[in-house]
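Every chain is named by a letter (A, B, C, D, E and F) in the order it is written, and numbering of its residues begins at 1.
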Amino acid sequence: MKKEGEIEFIKDGKRVDGRRFDELRNIKIEVGVLKRADGSCYFELGDNKVLAAVYGPREMHPRHAQDAKMAVVKFRYNMAPFSVDDRKRPGPDRRSVEISKVSREALDPVILREYYPKAAIEVYVEILQSDAGTRTAGINAASVALADAGVPMRDLVSSVAVGKVGGEIVLDLNAVEDNYGEADMPIAMIARRNTITALQMDGNLTKDEFEKGLKLAMKACQQIYELQRAALIGRYNKDESAKSKDRGT
Amino acid sequence: MGLEIMDDVRKDFVRNMLSEGDREDGRGFREYREISLKRDIINKAEGSACVKLGDTEVLVGAKLEVGSPFPDSPTEGVLITNAELVPLASPEFESGPPNEKSIQLARVVDRGIRGAGVIDLEKLCIEEGEKVWILFLDIHVLDNNGNLIDAAALGAIAALQNIRVPNERYGLTGDETLQVHDTPVDVTMVEIDGTIVVDPTCNEENAATNRLTVISNADGSLSGLQKTGSNGMKEETIVEMVELGIEKAGEIREKFLKVPS
Amino acid sequence: MKKEGEIEFIKDGKRVDGRRFDELRNIKIEVGVLKRADGSCYFELGDNKVLAAVYGPREMHPRHAQDAKMAVVKFRYNMAPFSVDDRKRPGPDRRSVEISKVSREALDPVILREYYPKAAIEVYVEILQSDAGTRTAGINAASVALADAGVPMRDLVSSVAVGKVGGEIVLDLNAVEDNYGEADMPIAMIARRNTITALQMDGNLTKDEFEKGLKLAMKACQQIYELQRAALIGRYNKDESAKSKDRGT
Amino acid sequence: MGLEIMDDVRKDFVRNMLSEGDREDGRGFREYREISLKRDIINKAEGSACVKLGDTEVLVGAKLEVGSPFPDSPTEGVLITNAELVPLASPEFESGPPNEKSIQLARVVDRGIRGAGVIDLEKLCIEEGEKVWILFLDIHVLDNNGNLIDAAALGAIAALQNIRVPNERYGLTGDETLQVHDTPVDVTMVEIDGTIVVDPTCNEENAATNRLTVISNADGSLSGLQKTGSNGMKEETIVEMVELGIEKAGEIREKFLKVPS
Amino acid sequence: MKKEGEIEFIKDGKRVDGRRFDELRNIKIEVGVLKRADGSCYFELGDNKVLAAVYGPREMHPRHAQDAKMAVVKFRYNMAPFSVDDRKRPGPDRRSVEISKVSREALDPVILREYYPKAAIEVYVEILQSDAGTRTAGINAASVALADAGVPMRDLVSSVAVGKVGGEIVLDLNAVEDNYGEADMPIAMIARRNTITALQMDGNLTKDEFEKGLKLAMKACQQIYELQRAALIGRYNKDESAKSKDRGT
Amino acid sequence: MGLEIMDDVRKDFVRNMLSEGDREDGRGFREYREISLKRDIINKAEGSACVKLGDTEVLVGAKLEVGSPFPDSPTEGVLITNAELVPLASPEFESGPPNEKSIQLARVVDRGIRGAGVIDLEKLCIEEGEKVWILFLDIHVLDNNGNLIDAAALGAIAALQNIRVPNERYGLTGDETLQVHDTPVDVTMVEIDGTIVVDPTCNEENAATNRLTVISNADGSLSGLQKTGSNGMKEETIVEMVELGIEKAGEIREKFLKVPS
């Protein structure tokens, strides 16, 4: 996007961190990590550390914002002040407001909102450590947390970014690639339906590069979906004594 | 409650017309409303443009002020794009700080400008690390009858194209024209029951299952994309919209934005 | 008000812009210029460009601010960031809050508020370009927009400023006269009833100068009233096909 | 609802008394309540005054800080007048940022001071373009029983009159008295059913059809006017109020503000 | 707390202002000083000048903050901008938010809140001049103002600070002692019941110093209680013609 | 309403158990939940620590930035302690600016650090009067199951203990460890019907008549106290809590905070 210039993004067919063009960073998923939340998920994507919590369905406040036909999904993407190089002032900024909107719209299509008219389903994503790709990590975490909370869903949503660095279309940009690369395109999709629920792009891409990137991202979402699913299965096969289900306490 | 019913009625109306091959204002599916673009209409602004897209009207003003660069880019000026959805422009807009709609509008327009490298921010540096030009691009919506993004983005480029840098006001030598290096055009399309229509009205936006903005440049490349709305889209639809967006952008550019030589 | 000093305000009996002491700047009025608003007016006064829109009567929010006996008039005077020499930060400042209050009180007396208990009548004025006198231009525009919206009114309100520059009492100050002159006195009145609905003054005036200025302003309001009336008549004589009256769309 | 009825009852009470030539506290129509003015009562402030107007009580404090001048007036200090309608002072005041009432109060007082040239802002310049005095004039309302403007304006002038510029605290030489060049006095009158009364109580303010504040100076000239309220006024009424305002201002000045020599 | 260093806090067994270790500053209490408030008190403690007003019990806004079982006490501690050396920006800061909470909790135990379910009892404290100890002066003033307002109370609350300066435990720190001393410990208590309702400490104290200071403060609260009581008795013995009891006006 | 009843039910439950000598999680009255402390877990922070106190989880991050000193302490760096009660951590927390709970949390933790002289702020001065380190200590609550203060304070000291001052990032020479001079530990106790219990859960906090936080240092002295809650306490109870607090602090310090040599 910005000044490419000196950085040698590609060397011997590998990227700055040694990955192949179509290789994801390491992913770690933990389900049900929080006690107070109705559902939760800790998600690592490379050096990104993200926590998602879900509350609800519960009563929607303020009342005039209720929807008589279906639940309203609230989504709040928030960066911890220490999650970035220069301390982030607490509170929403323009970037986080936009990401919250895009993330909410990425998840809306799978949530059976019509089951809970007038209710609120609240999704909170905290970025504890940031290294490019936090919005996709947040959507992945939130999707798992929604399932963990037992919110009725059509399916999971999976998310990843593709981009262009050193003239190549590559998967899942890290911070250097994101800051100095030529384009960044995060997408979210319902992997099992090949349905895209979020799409943004900034930087510069030809139409062909765009199409190539889109296919690359869609394929990677399938991989992420399998990891999300495995984490959820692992969670429910394990002895649940560690997390009492009586949320009233 | 009465209002919600009217909402449904209007959505059904739009859908029924489309299913019969028609739009509420009689346009073709891939046809823009009449576009009018006036430049240089606010003499207090260093650059300005007023865009009408049918009954949608957006005024964009550019102001230049001398300020400090960001510490991590000491040799670059600063571009700040801001949008105000003032309550004058729609019964649905309210007074108050920017909300997610106005923020998204500003950020999508901003992204197209940056992605296309419209402005060379290094040219806006006056004294490295000390003094740079802050370029404020203010999108002021006057009448919202749908598709604010395309109107705002067109106004933004047109306003940038007529900026004179007020060097003399700040004791620098000689006012000069700001160089504009590309002409990204935003084209917004909606999908309604599988049909793609460009330049949606408010009613069409409300009836839409999906909306996609495609920002493309003079060379046909993309400098931005933004999907909005709470429904999923198929890959084919997106690819079709991207092609259509590039095509319509070319038509608008040809007609309204002289390509920089 | 501020440093008068070097500026030669009066030369050969004319003002800096060639006007006579009692001469208004050029006025241009267009009615019904906005589609979404229930009523609207574009008003030019010299280099001032002002837009007014009216919504309502409609439901008043928040409810606890409703008046059981009559409609509440909301008035918001707002400057576009690019309307002035130094960019104005968006959002209300102390000046615009005071002008909004004075403007609302200038219009209140002519609006038949008792017809719509509990309702809100909302008036929005946007200053697109500013050159001294924006509050008077805004009141003039708002008055016409209220009539265009079909809000029941006793009469129109007209507004103008007088001031003192180079020792002379003059009508309708321009920016130079306002910034470096000795006094500025905006008034609003119901022209056909000789009833003053707004009056402010700042700077310095003797009592005689004040009385002279008041008479000058009142006379000019009659002129402005005729222009407002003509614009409204023009509007309703013209084929209205350009503006469909079904506001529901 | 009960409260609204009480409101009407009180308005009628005030009107009925006036129609019989009387005011709720027995004053003449053109008579002020008892005024008490104490100066220099807050030792943390560079100047201060407490004004009682009957049961209305307003405290004004002036603070001086060293700061930067505005870019367009590099040789002038800065005067900032602020009013807080703290909830301690009235059951109708609420906590929160300034609202239109407190803003108007501050701005009307400020306007009188500027219009009369009370302070020579150039005298508050320490180093051109770099360092000037910022003079904060804070109006703190303690008890609102009507006519806050007149009490606040009187307190403001009295506080300005006893300012010592704290040069030494900022490493400059020798504290000095701030010169005050005029003594504008605000006189507020209301019209109730055609009758003009000065120095209104809260009940009279609520019953009034109109309110006008007339600010006048030692030489009898005007340095500010402000009409408030949602009714129209006749020219004759305004002219009469202006004359009366100048007259009452003279009486107050004579009694409470030593005219600067 | 901060740099002790050069200051000679104790000389010949006396403190910088000549007081003994266990000596309060001068206290002046005036009751019923405000007309609009339902109850009020002006309190001087040395150079501190503090005003408290009480409104209510009255309807609690917003409604969702009502307590169905008892009145909610609101407490707002606010410093006038000119009350301190460097002008204080108007509006609550973090310090005043915390002091408001501590002060409210200091008074809660004596207010018969259960008499007024759903109501609000509002206490406003304005610091007009500050010289260390404003929170204790505010609690003392508020307690008297509550009594003046006729709010049903179990008893009065009295408050004072102790601290450590020059190695000694002393009563009621003044500004120099507070700024450069070693510890500050404000307490509030129901003097006649020896019940502590507020306790904070910052700085550094040994356990023994803490216990010594606590006893010193508790003893001084008894003194203050007597002054508060005397002021209230004085108030009700005096001819009340100066303050009409019909609050409706 | 239903919720309020559940509230009472839970309070009674806690009280009944305590009256039978039991706590809801089976602990002894003077026993902490299991404590886990992980250091240096956020590589973007100059220092960080994650504390679990049973199911309560708090993350503390320290950031250092170069900034200006306060005018009245030109030779000292600045410590800013901030707490965010993000809605992720509890159904009772709401988005928005700091409220009295988060402000109190931050200020109590901050007070202990200052009272114990943990950081020598003069060491954070880079250039007198011009440049100092601003040390931001951000408390980020992840899961609130009671006793946030103790968890946050422990995390704060641990985060301070692993700070490396990023001199090189700011063009200064050689990164260095921040010296930590003491290890204050916050111990919070509640009184429920006359019984003192340490490290309260949410239910115990709600059932408590009183709460006291005792902050004590390596040498057994106190560096802070904070009583919260709307009930009175007896002198004896306070003195007992202070003793108990010092004792428990010693145990925690021994186990989790290496005493600085």
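Here are a few things to note about the model shown:
Methods note: a residue touches a chain if its C-beta (ideal position, glycine included) is under 8 Å from a C-beta of that chain, and two chains touch if they have at least 3 such contacts.
Please read these numbers as outputs of a predicted model, since none were measured by experiment.
Chains that touch both chain A and chain D are absent from this assembly. Residue-numbered contact pairs of A-B overlap by over half with those of E-F, the repeat interface among D-E, A-F or E-F. Averaging C-alpha coordinates per chain places the centre of chain A 51 Å away from that of chain C.
Between the Cα centres of chain B and chain E there is a gap of 57 Å. Rounded to whole angstrom, the centroid-to-centroid distance between chain C and chain D, based on C-alpha atoms, equals 27 Å.
A separation of 31 Å divides the Cα centre of chain B from that of chain C. Counting only residues that touch two or more partner chains, chain D has 98. Shared contact sites, meaning residues of chain A that touch two or more other chains, are absent. Chain contacts here close into one cycle, and each chain has exactly two touching partners.
Ring order, beginning with chain E and continuing to chain F: E, F, A, B, C, D.
Partner chain F is touched in their complex by these residues of chain A: 34-37, 47, 49, 51-53, 55, 58, 76, 78, 80-87, 90-92, 122, 124-126, 128-130, 248-249. By the touch criterion stated above, chain D contacts chain E in their complex at residues 6, 10, 24, 42-45, 48, 55, 57, 59, 61-63, 65, 82, 84, 86-91, 95, 97-98, 136, 138, 140, 142-145, 203.
Listed in rising order, the residues of chain E touching chain F in the complex are 1, 68, 94-95, 97-98, 100-102, 104-105, 108-109, 183, 185, 189-190, 193-207, 210-211, 214-215, 218. Of all the residues in chain D, the ones that touch chain C in their complex are 1, 4, 98-100, 103-104, 106-107, 111, 114-117, 212, 217, 220-235, 238-239, 242-243, 246.
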